[in-house]
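Naming follows writing order (A, B, C and D), and every chain is counted from residue 1.
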Amino acid sequence: MVNKTVKSVTKALDGINSGMTLMFGGFGLCGIPENSILELVRLGVSDLRCISNNAGVDNFGLGLLLQQKQIKTMIASYVGENAEFERQMLSGELEVILTPQGTIAEKCRAAQAGIPAFFTPAGFGTEVAEGKEIRLFHGKNYIMEEAYQADFAFVKAWKGDETGNLIFRGTARNFNPLMCGAAKITVAEVEELLPVGALDPNQVHIPGILVNRIFQGSGYEKRIEQRTIRNI
Amino acid sequence: MVNKTVKSVTKALDGINSGMTLMFGGFGLCGIPENSILELVRLGVSDLRCISNNAGVDNFGLGLLLQQKQIKTMIASYVGENAEFERQMLSGELEVILTPQGTIAEKCRAAQAGIPAFFTPAGFGTEVAEGKEIRLFHGKNYIMEEAYQADFAFVKAWKGDETGNLIFRGTARNFNPLMCGAAKITVAEVEELLPVGALDPNQVHIPGILVNRIFQGSGYEKRIEQRTIRNI
Amino acid sequence: MAIEKKDIAKRIAKELKNGFYVNLGIGIPTLVANYVPKEIEVEFQSENGILGMGPFPIEGKEDADLINAGKQTITSLAGASFFDSAMSFAMIRGKHVNLTILGAMEVSENGDISNWKIPGKLVKGMGGAMDLVASAENIIVAMMHVNKKGYSKLLPKCNLPLTGLKCVKRIVTELAVIDITPQGFFLVEHAPGVSINEIKDATAGKLIIPNNVPEMQF
Amino acid sequence: MAIEKKDIAKRIAKELKNGFYVNLGIGIPTLVANYVPKEIEVEFQSENGILGMGPFPIEGKEDADLINAGKQTITSLAGASFFDSAMSFAMIRGKHVNLTILGAMEVSENGDISNWKIPGKLVKGMGGAMDLVASAENIIVAMMHVNKKGYSKLLPKCNLPLTGLKCVKRIVTELAVIDITPQGFFLVEHAPGVSINEIKDATAGKLIIPNNVPEMQF
């Protein structure tokens, strides 16, 4: 088996430079690559173009990169949980490209799958469609959207093995599987790194061929944004 | 939970008519919906337009529908295992639309996902591209392919539950998941039908929302086309 | 005397049919899950990747890996499944979800909806709303009839940036149930204690009022 | 005196590099799996939905749910994974597979390949070949230098319907190793006991012959 293991997050991020386009798995703070984000903060790379459904909160997730002003452009579907984000966007320091959630998902999946472009109805007739090709199929209008092109994809899985096979957990799966293989280099951090042969081949969510580097993550905080309980 | 169970293959095929477009999961004879095919033979519906990666062998799989001359058009990527198929194709009785395997897969997936069209490099410069739109992305030529439109999809899974969740086994997975929800009605037959709650939600391959009817299959032959062993 | 938000949710719950897969937006739509009629079975989809979403967890059972699209901790029911965001929007775009219930800032006579952006104010983003409204065949909007400044949210034409075109089928507010028809807004029901004139006054778009307008039941 | 088919496979196995994901076509390419150098790790992908494909099973262990793209019974190795056909071709189209080895009926000087159809004869279909050749960055063709009628399969231009354009990088036959270059076929190695003239005679396309042509090692 091909071994994808790297010993540290530092080795996992080898080759990262300012100005790169980076993908981040996660929905809100659920399933985000915590270790890789912290290492990016430590490295201090800047002028980043980030593709992520959300932008974290003020002091966690991508919010940490925003605090350090490392992000130049943010491509996201929803960014309402972050005051520093708001400040930078309104002041013009941060470029924001709001994109429908399903379109972000599909643009990642297209990059993973070697599909350069596809058509989606999401955003037809809205400002999202501005400047994009519109086409009618079976009486309905669709927008042509192109695959993302990114340098690194950072994903977080529940379990992984040394050859890069990944299994996600619950709704922490979200965008993570779609970003695997959607960038030049895919870095996967896992809660539990297992030896080859430990995962049932029938239950692997992402085959190792789509992962370039995998490492055992540590210190996961797994912060909950909206802790909500029911009264019984 | 929404209950998708039907008691018999006959009920599962309710509404089938001659002239319909049908999708069939399976690669070769691996993972084919054996029960649904036998019922189609029994029903004797004709002039069918069939989408399936292969066309079975002379006396099994879709070969049974060919024997009865029930198929008018066959959309497949490889049909080399079937003498009756050859005879009908050469005599002009059967229309054959050969399509690259990955393109069949993606056209099914597009139908499932509400993507009306996408671009693929497969077949550029060949007769597969004839009459289709060609477009250059990043210096490479791609063909525009449209999603399939089908009336019924017949898939076969290993395990399923009453709400239609499916788990496939080994390489019997192949096209089956992609055809779920890719036709107006999806019929799933399973080797083992389980009560709701028996499947781990993290390991479901296809959520029940993509399946309209599910039934407990019976008498699976699971024929092997090329039994190959190693000498030790 | 208008009805409460929970009553809007109760009224919308009556639109649920047995076997429906339903996507609930944030706010009033989320409350609809509390009022599913006992005699029917529906499943809730949340676009971040779960089908078969259950109620909020009991205290101490919160799981950071199990949230809904509003980032709230949730539970999963027997028969649930988890999936990635591409599969989730395949369900939505592919019209596998039967009913979408969401909030709105404005709805126009022809069913256009605006619910993601107020120019000059903080833009939070459209999330999955544009995908939902572009594909759903059955969209019910749950909202207040007028905004905080007292202006009608049912307009001849949306003023705010659009989320989607000609997609809303029905609107349920604290005052009325209103359908979108080729002729404009059509008054289906009035809330208890709300007069036809109150509804008329609160509706800026063209409102068709039939001779007999039943009272909303919930 | 040409080499045998298994020697073609042995020679191609020398092209494998540590960490490669490899897709093997039917015929001679399948044999390559038997000759992976001991010091390197590669994984074999079969486009019907397995990564980490192992050898054929021992008798009695055949599993109808575990086959390769040639419909042969196979086994899976530790670290293997199964997936659907869309994911399989995502790997291929997305250039995640490092090396594709396949057979051909004809290859042209500029790397065009024909391997799926002979007009007037039974058409079997392209299977996954068109997807593979349209996307693979590294394609090696394993084939006989001439066809059964004695005609060269290395041509100025393919006569048969094309499978893909300008995609083949290297050809290994029973006579030679030949690269596709902007100037035409380039003779890289000759098989043991095969003269340069024999290769020249068997090659219809333009063949560039350097001063020193080493003997094929395998």
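Rule of thumb we're sticking to: contacts are C-beta pairs under 8 Å (C-beta built on N, C-alpha and C of every residue); 3 or more make two chains touch, one makes a residue touch a chain.
These numbers come from a predicted model, not from an experiment.
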{"item": "Taking each chain's C-alpha mean as its centre, the one farthest from chain B", "value": "C"}
{"item": "Approximate Å spacing (C-alpha centroids) for the pair chain B, chain D", "value": "28"}
{"item": "Centre distance in Å when chain C and chain D are each reduced to the mean of their C-alpha atoms", "value": "56"}
{"item": "Centre-of-Cα separation between chain C and chain B, whole angstrom", "value": "36"}
{"item": "Chain A: positions in contact with at least two other chains", "value": "106, 109, 113-115, 120-121, 168-170, 201-202"}
{"item": "Multi-chain contact sites of chain D, meaning residues that touch two or more partners", "value": "50, 76, 82-83, 86, 89, 92-93, 135"}
{"item": "Chains that touch, pairwise", "value": "A-B, A-C, A-D, B-C, B-D"}
{"item": "Residues of chain B that touch chain D when the two form their complex", "value": "27-31, 53, 76-81, 86, 89-90, 96, 98, 100-106, 108-109, 120-128, 158, 168-178, 205, 222-230, 232"}
{"item": "Footprint of chain D on chain A - complex, ascending", "value": "1-3, 109, 111-115, 161-163, 165, 181, 196-197, 199, 201-202, 204, 207-210"}
{"item": "Residues on chain C engaged by chain A in the complex (per definition of touch)", "value": "46-50, 55-59, 62-74, 76, 82-86, 88-89, 92-93, 112, 122-131, 134-135, 161-165"}
{"item": "Chain B contact footprint on chain A (complex, rising order)", "value": "106, 110, 113-121, 135, 137-138, 140, 142, 146, 167-170, 201-203"}
{"item": "Touch list for chain D against partner chain A, complex", "value": "18-21, 41-43, 45, 50-52, 76-83, 86-87, 89-97, 135"}
